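Labels A, B and C are assigned to the chains in the order they are written; within every chain, residues are numbered from 1.
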Amino acid sequence: MKKDLVIIGGGPAGLAAAAAAREAGVEDLVVLERDQRLGGILNQCIHNGFGLHTFKEELTGPEYAGRYIEKAAALGISCRLNTMVVDLAAEGSVKKVTVMNREEGLYEIRARAVILAMGCRERPRGALNIPGYRPAGIYTAGTAQRYVNMEGRMPGREVVVLGSGDIGLIMARRMTLEGAKVKLVAELMPYSGGLKRNIVQCLDDFGIPLKLSHTVVDIKGKERVESVTVAQVDEDSKPIPGTEEEVACDTLLLSCGLIPENELSESLGTAMNPATGGPLVDESLETDREGVFACGNVLHVHDLVDYVSEEAASAGRNAAAYLQGRLAEKGREIPIRAENGVRYTVPASIDIGRMGETQTVRFRVSGMFRDAAVEVACGGQVLKHIDRRVLAPGEMEQIILKKSELEKTAQAGDPKEISVCVRT
Amino acid sequence: MYDVIVIGAGVCGCAIARELSRYRLRTAVLERASDVCEGTSKANSGVAHAGFDAEPGSLKARLNVEGSRMMEALSKELDFPYKRNGSLVLCFAEKDIPALQRLYDRGQRNGVEGLRILNREQLKKTEPNISDSAVAALYAPTGGIVCPFGLTIALAENAAVNGVEFMLETKVEEIQRMEGGYRLLTDRGSFETKTVVNAAGVYADRFHNMVSEEKIHIIPRKGEYCLMDKKAGGLVSHTIFQLPTAYGKGVLVTPTVHGNLLAGPTAADVEDPEALNTTGEGLADVLRRAALSVEGLPVRQVITSFAGLRAHEEGNDFILGQPKDAPGFFDAAGIESPGLTCAPALGRYLAEMLIGYLPAGKKENFVTERKGIPNMAMASAEEKKRLIASDPLYANVVCRCELVTEGEILNAIRRPLGAVTLDGVKRRTRAGMGRCQAGFCSPRVVEILARELGKDPGQIRKNEAGSEFLTGHDKDGIREAKER
Amino acid sequence: MADKKEFVCIRCPLGCGITVETSDGEIKSITGNTCPRGADYVTGELTDPRRTVTSLVRVRGGEMPVVSVKTAADIPKDKIFDCIRELKGIELSPPVHMGDVILEDVCGTGVNVVATADVR
């Protein structure tokens, strides 16, 4: 089978990318989704708070996904469900996508362009190296979310949550509303990884304590969790002896970070960014493999789905431009250096010749900053200096660069890099 | 009345049962857990040792070399993953080279083939990522790696197909002597048998001591491990041991048959034979010691950690056979490392001993071969297509990390001694063993198990009774409006 | 009677800690906020705190055993669990469509509970 464009993943990123590519004139495209329905993880995020930027109203996850599923249907986009991509390889400029499903078996799609939109997975207990027993009752927050919200099943009655990422906070509220007792949320860092709004509305509203600088140091119970021991940690995140507290519970939920799912990107040999766990992309969201684009949580973990959709639409338009021969040849890529408090940037480089009139650069900071500024410099000139009252690792930041500004700098001399940093 | 009752369905119990199933005997295996391979056999290094370690003349030494020689043919006969990858014992100081030489000599005396001592250059060439601080190594080309679940389950299934009755979730509480044999009292009734095989792992001393005055004492010796992502699996190709020194026995680093990287174990004697908990110190110790062997140990790629308990006996050797005062009661006790490697030879050794006591003829219709569950992840494109043609469910991926399909999971549930728990499915198919550690697939596996076993998803367990995954429905804990 | 309450403003990531002093239910002073939105937020929280509630309702014989629901508008915060209690025991038959009204005027709030997903 041949296709102009294959989009791997039918979640918010894949659907927005597909819609944008179709609207830009790509007829021959297909979305490959491993689940039995489109929408990805949004289907289990039944809480509200999605879409304020995109639709100017507050939607639940399934409603937000529904808008894009309808749009894809209206555009006549072909989507293969229950379809797993088992391998991704390149043969010259052709991308070979090996696919498997019940109806069609194992087959290969030869694609001119590919958009990676596989999303991310949760960090499991083992990766956190939490000692103790290994009984039933230890779940990642997302797995618990699926049991509760999709199946109406409770994974536990008395719950401790480790990690104050948004999914953990949301699940603390969901479990409470459905009749469980959430005893506490422990967070290793001295600040929460979640949105402030979620701390207030998911924990404070229900009197659930948030213990910052705390972690789980032991799990007891042979068949089912019987208790977990939490302890305070020092500046190096090491448990402080004597601060242990054993909390009786039957369930431990883990919300300790998300990892972009890039096994396919890696099988293609795509250059990766160790800071994001996603591929390195340029201003067109193109990876170092020609005609292979990436967007959404497979590229870097987002907090707001609105930005996923926006980024994915941009990837879709760029893939269309590539297929239609409208995307300029790669020219001089100016690397973007993330430094002094900035953990990474997406994109990781900009080619002035290929960029649009403006370019959104998204990034995360590495710690809490108050009364600081984000500074962008290029060729010895400060392009932007934006004062910020607060910068937090839990909230993705973005700046918009103008082509005209970069061109002016480039004319003055050949800039070696663009730097993005936090000034305190 | 049974001819033989084997207590314990670990690798030894299953190996013995399989060997006994060649004979015209009524044999049963009683296992307190809900599946085979639930004790020491499930949590170990998965190494098929070459056999240079054990004291020459010991049962350990003899059965190790024999077992190592049997493993390859057996892996083909019973279709379980085994690979002869060779092993290396690293020596980190010039002054320790004589000790390495002594290990070589010991291996020679045990009959281990092909042993060689490698100098630093040869070592680096054999294993490029080995630590720069290693000065020499003992190379054993016959060392191998094996899937401990694969081996145990294969032996059990083949025994079952050949007529051995497996009674799971049946806990032996007492053994009484009776005319012409023994009576085993369990939580599911009592069973009478002419002979007993005691393959009860860390509990073997309890059963032995119920029938014999020659008391034995098993000490559960805990070993903690860290398992790393398949991305790290290629770091080394051999099993890397450390030469025991004054600072301790050292830990091993090895690829697994499935391509992960495994580091461990620690060794700590514990009281509680159920103390399968890992500890902060233990896990840190594993990673710290393992890092001595290889350059760039990817400690951030750990996907899970676990602990196992070896059944260490004070006499430091296997106890095989009948106590003088308990004829017809056969011990397979004190089976610690290299027990996994020894199991095939140990099974034969003990079965022959038992036949000497209770003569029986061989069956004519013994089924020698067993076919394992298809493995889509390892299959070639042609094999994949053939499997999908046989059943389209082999194209329906359930565990995305390990590429395990619904077809494989159904196969695991529907075969003899099929899986009834999540752990059972996991050990047979690898669903949930990958980098997300069952985050995505466990709800699907629960659903499939419930459907296949005709149960409610709320009844599906991780392993033993009390390990149900789900505790009820939404709003169970909420009082209805009407009730107020 | 004089009273003092602490809030964390959620209107922006700054998360100002705001102290409100009241006397006989009347706001006497608001301190700690760095912008007018902070005062607006705490006033709302003090006089009429409201939340959107999202939960589940059983569906018998559908492709999914439950359907997700939400209150179509915010309801008073102290009615959250009353709302959940009213949802318990409701059983729907498929098909259920996104936007279908599942329960009218939940707990006398004048707000409907609507489905947020389709179940066939």
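Here is the rule we go by: contacts are C-beta pairs under 8 Å (C-beta built on N, C-alpha and C of every residue); 3 or more make two chains touch, one makes a residue touch a chain.
These figures come from a predicted structure and were not determined experimentally.
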Interface with more contacting C-beta pairs, comparing A-C to A-B: A-B
Identity of the most central chain, Cα criterion: A
Distance between chain centroids, defined by C-alpha means - chain B, chain C (Å): 53
Whole-Å gap between the CA centroids of chain A and chain C: 27
Separation of mean Cα positions, chain B and chain A [Å, integer]: 38
Shared-contact residues (touching 2 or more other chains) in chain A: 148, 150-152, 178
Touching two or more other chains - residue numbers and ranges from chain B: 474-475, 478
Chain C, residues touching no fewer than two other chains: 55-56, 66, 81, 84
Chain A partner contacts - residues on chain B that touch it in the complex: 226-227, 231, 274, 276-280, 282-283, 300, 302-306, 381, 384-385, 388-389, 392-393, 395-397, 400, 403, 435-440, 442-443, 457-458, 461-478
Contact footprint of chain B on chain A as seen in their complex: 34, 82, 84, 86, 100-103, 105-106, 121-122, 124-127, 129, 131-136, 139-140, 142-143, 146-148, 150-157, 178-181, 217-220, 222-224, 239, 250-251, 266
Chain B partner contacts - residues on chain C that touch it in the complex: 55-56, 66, 81-82, 84-89
Touching residues on chain B, where the partner in the complex is chain C: 474-475, 478-482, 484
Parts of chain A lying in touch with chain C, wherever the complex brings them together: 43, 46-48, 58, 60, 62-63, 66, 148-152, 177-178, 195-197, 199-201, 204-205, 389-390, 392, 395
